[in-house]
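Note that chain A is present in both complexes that follow, paired respectively with chain B and with chain C.
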Partner chain A sequence: MSTTGIPAPKSASPRTRWRLRPPRIGALFVSPYVLFVTAVFAVPLGYTIWISFHRFYFTAPGTDIDTPWVGLRNYQDVFTDPVVQRSFLNIAIFLVINVPLTVVLALVLASALNAKLPFRSFFRAAYYLPYVTASVALVAVWQYIFGADGLLNTVLGDLAPDPSWLVNSTLAMPVIAVFVTWKQLGFFVMLYLAALQSVPRELYESASIDGAGRVRSFMSVTVPGVRHATTLVTVFAIITGANLFSEPYLLTGGGGPDHASSSPVLVMYQKGIEQAHPDFAAALGVVLVVFVVVLALVARKFTEKGAE
Partner chain B sequence: MVGGGRPLRLAVLTLGAIAFLFPFYYMVVGSLGKVTSGDLDGALPRPGNTTTGNYESINGAISLGRSLVNSGVFTMGVLLCTMVFGVLAGYALARLHFRGRGTLFAVLLLVQTIPFQLLMLPLYVLVVRDYGLGDSYLGMILPFAINSTAVFLFRQFFLQIPATFFEAARIDGASELRILWQIAIPMVRPALLSGALLTFIGPWNEFLWPFLVTKNADMQPLAVSLAGFMSNLQGTVANPTGALMAGACVLAVPAVVLFLLFQRHFTQIDIDSGTKG
Partner chain C sequence: MLSTSRTKVAAVLLALALTGTAAACSRSGPDSVSAATARGPITVWLSNNAQEVAWGEKMIASWNKAHPDQRVTSQQIPAGKTSEEALSASIIAGNSACLVFNTSPASVPQFQKQAGLVPLDDFPDGAQYIESRTGPRAEQYRFEDGSYYQLPWKSNPVMILYNKDIFRKAGLDPENPKLATYEDFLDSSRKIVTSGAADAAIWPAPTSEFFQSWFDFYPAFIAESGGKSLVENGKPQFDSPAGRRVFDFWRTIYREKLAPNETFPGDALGGGKTAMSTVGPWAVATYKDSIDWGVVPVPTSDGRPASQISTFSDEKSVAMFSACENRATAWDLMKFATSPEQDGAFLADTGQMPMRPDLLRTYADWFAENPDYKEFADQADRTVEVPAVAGSIDVWQTLRDGWTRSVVFGREPTGEELPRLSRDITSLLDEY
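Take a look at the complex of A and B:
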C-alpha cells in the first residue's frame, strides 16, 4: 500500500522499513492539527498581545493606517475603567455562588446515583439534558420563568422581589450564577460519579466499624476520595466564569441593570466591536488570561492541599 | 451499597430530576399555548388552548428552515474536519513517534485550558476584517474546525489498543493509513461515536462566534437568529413568548434527540483519565 504518499525504499529490509516510516508519517498525520492550532490559537494570542500595546483601529482590508506603539496606555485604561472593575467583581460574585453550589449539588446527586436503583439511567439522562442543550434555548425559558410577569413571581405573589430578578442590580448576577450551575451540573454529576467509583469500598466499611454515621463517613471518606474531581470542577468553573457572555448578554439584556451583571467578555464585545476600541478589548483579554491562569493555579493549590 | 437508604436516594434524585426537567416541559407547553404567559395555568397543558401557531409565527419572523440549514452546514463542517484531521492527529499522538510529539501533546492540553472567547477579538480581526470571511460558512467553521477535546479523547482511545496489533500489522508491511483504517478505527468505533457526539453539540449550540461573523440574517445559524428575535423582533408577532418557546424547542430538539438515542455514549466518556492529571 502506498496510500501514504511516502514510498519506502524497495531495497530496505521490512524491519528497517517500518522503523523508518513512522516518524515522517506521524508528522504528516498531525500537520493539519498543527496548522489549525497555529492559526486559531498561537497567532491570535500573539496578535492580541501586539494589539494591546498599540493604538489600533478597524480598517478595511488592504488599508494601511498608522498603529503607533502606546506602551501600557491601553492597560491603564482597562484598570481604571469602572465597568471593567465591575465586571471582575461580577465574576467574583459568580464564582462565590457557582463553585460551592456546583460542588455540593453535584456531589450529593452523584452519591445518590451511585447505587443500583430503579430508573437510574432516566435520572442520569435528566441531569445531563441541560448540558447538551443550547444556552440560547435555555436562556429563553429562564427569561420566561424569571421575568417580571414570569411563573416564579406569580407563585411568589407579594414575596416577589422588586425590581424583579433580572433587572435587579443585587439579584441579576446571582440568577446568572444559578442558571449556569443548573446548566452545567449534569457534566459534574457524571464526573463525580466516575470519581466515586474509584473510592475503595473498604474505606466505608472500616468507617462504619469505627462507628461513623452516614454524614461522618460522607465527610471523611467520600469528600477526600473525590478531591481530584473537585479541583477539576473549580478550574472548570473559573474558565466558565471567564467565558461568560451569552447569559448576561441575553438573560439580562446586555449586562444590565447598569452593568450589574456585565462580564469581562461582554465588555470586550461592547468596547471592542460595538464601540470600535479593539486595542482596549485586546488589553482586557490579556488581563483576563492572566487572571484565569493565576486563579486556576491558586484554586488547584487550595483544593489539592493535604491530598498527598 | 454504601450509606444512604434507598427511599432517601430516590427522594433526592426525584427532586433533582424535577428541577432539571421542568424548564424543558415548560418550554414545550409554552410553545403550544395560544396565549403564553407566566400565569399558573400556563404551566398546565390546556387541550382546548393548543395551537401550532407559535411555530408558524417564529418561522415567519426568522425563517426557521434557512437557519436550520445554516446550523447544519456549520455543525457538519466542524464534525467532518474533526473526524478526519482529529482522528489522524489522535492516532499519531497515541501510536506514532515523530519529533515534537511531547511538545504537541502539551500544547493540546494548554489549548483546552485557554478560554476560546479570549481569542475572539484577534480572530474577529483576522477572519472577518483581514480574510474577508464574514457572513460565510468557512468563517464560521474555521475557529472550531478541529475540536481539541475530541483529539485528546481519540488519543486516549487509540492508546487503549494493545501494541501487539500494531506490531503485527507493521511486520506484515501494512501502511500506517491502512492500519488506522482497517485495524485501529474498527476497534474503537463506539468510542469514536462519543467523540463525534461531543463535537456535534459544540457548534450546534454555539452562539458568540457565529453571532460575531454573521450580520446577514440569511447566514445566521438558529441559535443566532433566535437570540436576535429575543432581543429585537419580539414586537413583530402576536404571542412573542410562545413564538420564542417554539424557536427554543426547534433549537433544542436535534441535540436532545441525538443525546437520548446515544445516551450510553455520552455518559460513558472516560473523563476519569482527565481527573488524574
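Take a look at the complex of A and C:
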C-alpha cells in the first residue's frame, strides 16, 4: 500500500528472481570449472608474469634462493635476443602463408563438400584425418616428400633447391606453413561446413534467378553468409599458428640450422627447459600472449569489417 | 543478502583454489645433516639401454642379497626428450631417485645450481675414493667450487667407425684406410662419394641441438689441440690455430657435400648411407652382426699416431640427488657398483669402459677374448670431458649455433666466426 499515490513496483515474481539471482546451488555447479580455470590458468599465468619480472630459476624443494626484482630486464633480454627476433620473423612468415591459405582452402573445400557429391562422407572424413593424426606420424610422410633425397627433389632433379627444403633458411618456414595448413584443414572445413548450414537456400535461389553464376553466388552469398565463421577460423588459425612447436621441432630437428625455422614457443622450450632460464622464457611467453591477442583483435576487426 | 552469499561463495571458491595452489607449492626436501648418515631403502634410476639395465638388475640383486635392511629398487629414467630434461624436472618436483647411473657431466652444473645434487666430498672418503678409482682424469670432474657432484662412471671414447664393404666398393684399402690426416681423410671421402659407394662419407647430425658438437667439432678439436678442453681456466680455447684447422676441415667436408647438411632419419651407417660414423664402443654390439667394420682414431691435420691422440669421453656419471633420504646407503651402493668386480661385470655386459685407468691391463682376460674393444680401451685413457663450468649448456648452444652457421652452411667465414664465438662464450662465462 502506497502513501504517495504512486503505485509500488511489483515485487519480482519467483520466476524473475530465479533468473536474476541464481541460487547457491548454481555457484556449486560452476565451482569445479572456477577451480579448474583458477588452478590451471589464472594462477600459472599470474605466476608466469611474476617470474618474468624477477631473476628466477627452478630449484629442488626446500631450497632458499634469491629471486630479486629485475624490472624489465628479462623483457629487454627477450627483445634484444637475435634468436627471439628470428623466431618472431619466422612466425610472421608462417602466419602470412598459413592464415589466408587456411581460410581460402577451408571455405572452398567446405562449399564443395556441402554440395551433393558422390562419396561426400568419405571426402569429409578424408580431409579430417590429418587433423586427428599425431604430428609425429605425419612428419615422416612430409620428410619423405621434402627431404634432400625425397620425392620432390627426385622429380625436380637439378632444379631442386640447395640447401634442400627443410634446411633452407628461406624455404623451411613456408614448407612448415604448408604442412600445418594441410594438417589442420579438416578442422576448419568442419567449422565452415557447420556455418554453411545456416546460409538460407533462398538466397542462392534468388541469386540464381538474378542470373548469378557459381562464382558470383559464392562471392555474394556464401562469403558474407559465413562471415562469423571466417572470423572464428582466422582467430583460431592465428592462435594455433603463433603457438607453433611440434612441426619445426620434428621436421627440422629443433628449429633447423641457425634457427631458420625456430618459433617463439620452441625458443621458450629451449631457454626454459633445456637451458634453465625460466625467467627469460616467462617474459617471452608474456610477449607472445600480447602478440597473439593484438593480432587476433586486428584480424577480428578486419574480418568483421562491413558486417553491419 | 543474496549478494553477501555470493560474495561468501566466491570467497570460499577462491580460498579453496589458493589452498590447493599453496599445498602444491609448499615443498620441502630431506634434512641434509640427518640424511647424510641415514641408511635404509633407496631407489636408483638406470638408463634405458638394455645391456645397462641387465647389468644394473644383477648388481642390485647382489647388493640386496647382502643388505636386506637397505633394499635397493631400480627403474629406468622416466621418459623425456633427453634424460637430462627428465632429471631436471624430477629435481624440481623433489621426486628424483637417490642415485642416477646416467648423469651427463654437461648437466651437472645446472643440477648443482638447482640444489639438486649432494656433494660427494661431504662423505669422509668421498674425494679420495673418486680420485683413486678414476686416476688423474678425476680433476676434470671437479666443479668450479672445488667439490665433486658426480662420480665419473663410464666412458665411450669417440672414434671413427667405418664400413669396410663401402671402402672396398670405393676402391679404398679397408684394412689400411687412409684416414689419419685431414688430407687423406678428405681424399678417401671424395672417392667414397664420387664412386657412388655411399651417399655420404660421414654423416653426423648437422642440427642445432647443443649436444651435437660432441660428435663432430669437439672430438676433432680435442685431437687437434693435443687434449685441450673447450674452456680452461675460465677462457674458451678454440679460437686458436687448432680450432681454425678443425673448422676449416669440417667446412670442406660440408662444402664438398661429403657430409649432407640434413639429418638422416634413422641409422645412416647401419643403412649403408654413409661410410663412416663417429661412435663409442657401444657401436661394437650394434654393428657387429650387420656390417664389416673397422675403427680408427679421430683424424688430425698432421696424422698423429693413435697413442698420441686424445678424444671426447662421452662419459656418464653416477650422481646422488638431494631428494635422497638415506644417503649413507646411497654412497655405499655407489662404491659397490663401481668396485673392480662390478666394473668388470659392467664392461663384460655392455662393452662400455668403466672410468678406471689402464683398462687393458686391469681386465686383460676380457680384452683378450673381445679384441674388438681394444682400440676403444686404449683411447679411454686419453679422454677429455666437457668443461665443468656454470652455464655449460648455454656455452654449447652458442658454439653449436656458430658451427651450423659457419661450417655446415658456410655463411660466415671461419676467421670471423671463431673470434665472435669466443667473445660470446667469454661473456657468458663472465655472466655466470
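Here, the second predicted complex is superposed on the first by the 275 of 308 C-alpha atoms of A that agree within 3 Å, B and C clash if a C-alpha of one lies under 4 Å from a C-alpha of the other, contacts with A are read in each partner's own complex, and residues count from 1 in each chain.
Simple rule for what comes next: a contact is a pair of C-beta atoms (placed from the backbone, for glycine too) under 8 Å apart; a residue touches a chain by one contact, two chains touch by 3 or more.
On a predicted model such as this, the values are computed, not experimentally measured, just so you know.
Student: After aligning the two structures on chain A, examine chain B and chain C and state clash or fit.
Tutor: Superposition result for chain B and chain C: clash.
Student: In the overlaid three-chain picture, which partner chain does A:Leu72 touch, first (chain B) or second (chain C), both, or neither?
Tutor: neither
Student: Once the shared chain is lined up, is A:Thr59 touching chain B (first), chain C (second), both, or neither of them?
Tutor: both
Student: Go through the superposed model and pick first if A:Ala194 touches only chain B, second if only chain C, both, or neither.
Tutor: first
Student: May I ask you to decide whether A:Ala140 touches chain B, chain C, both, or neither, giving the answer as first, second, both or neither?
Tutor: Touch status of A:Ala140: both partners.
Student: Quick one: name whichever of chain B and chain C touches more residues of chain A.
Tutor: B
Student: For A:Ala27, select first, second, both or neither according to whether it touches chain B, chain C, the two together, or no partner.
Tutor: both
Student: Once the shared chain is lined up, is A:Gly285 touching chain B (first), chain C (second), both, or neither of them?
Tutor: Once the two structures are laid over each other on A, A:Gly285 reaches chain B alone.
Student: Kindly classify A:Ser164 by the partners it touches after superposition: chain B alone (first), chain C alone (second), both, or neither?
Tutor: second
Student: Touch test for A:Met219: chain B only (first), chain C only (second), both, or neither?
Tutor: A:Met219: touches no partner chain.
Student: First (chain B), second (chain C), both or neither: which does A:Ser121 touch?
Tutor: A:Ser121: touches chain B, not chain C.
Student: Among 38-46, 56-64 or 74-82, which stretch of chain C shows C-alpha clashes with chain B in the combined arrangement?
Tutor: The superposed arrangement places chain C into chain B at 74-82.
Student: Pick out the shared contact residues on chain A: the ones touching chain B in one complex and chain C in the other.
Tutor: Correct list for chain A: 21, 24, 27, 34, 39, 43, 58-61, 140, 143, 147, 149, 253, 273.
Student: Where on chain B is chain A touching in the complex?
Tutor: Answer in residue numbers: 1-4, 6, 8-10, 12-13, 16-17, 19-21, 23-24, 26-27, 30, 36-40, 42-43, 85-86, 88-89, 91-93, 96-101, 104, 107-108, 111, 113-126, 129-130, 132, 142-143, 145-146, 148, 151, 170-171, 173-178, 201, 204-205, 207-208, 212, 223, 226-227, 230-231, 241, 244-245, 247-249, 251-252, 255-256, 259-260, 263, 266-267, 269-272, 274-276.
Student: Which bits of chain A are touching chain C when the two form their complex?
Tutor: Going through chain A, the ones touching chain C are 21, 24, 27-28, 31, 34-35, 38-39, 43, 57-63, 65, 83, 140, 143, 147-149, 163-164, 166-167, 169, 252-259, 270, 273-276.
Student: Would you pull the chain C residues touching chain A in the complex into a rising list?
Tutor: Residues of chain C touching chain A: 2, 5-6, 9-10, 13-14, 16-17, 20-21, 27-29, 85, 88, 91-92, 94, 110, 113-116, 199, 205-210, 260-263, 265, 322-323, 393-394, 397, 401, 404-405, 408-409, 411.
Student: What part of chain A is in contact with chain B in the complex they form?
Tutor: Where chain A meets chain B, its residues are 1-4, 14-15, 17-18, 21-27, 29-30, 32-34, 36-37, 39-41, 43-45, 47-48, 51, 58-61, 105, 108-109, 111-119, 121-130, 132-145, 147, 149-155, 182, 185-186, 190-191, 194-195, 198, 201, 204, 214, 217-218, 228-229, 232, 235, 239, 242-243, 245-246, 250, 253, 265, 268-269, 272-273, 278, 281-282, 285, 288-289, 292, 296.
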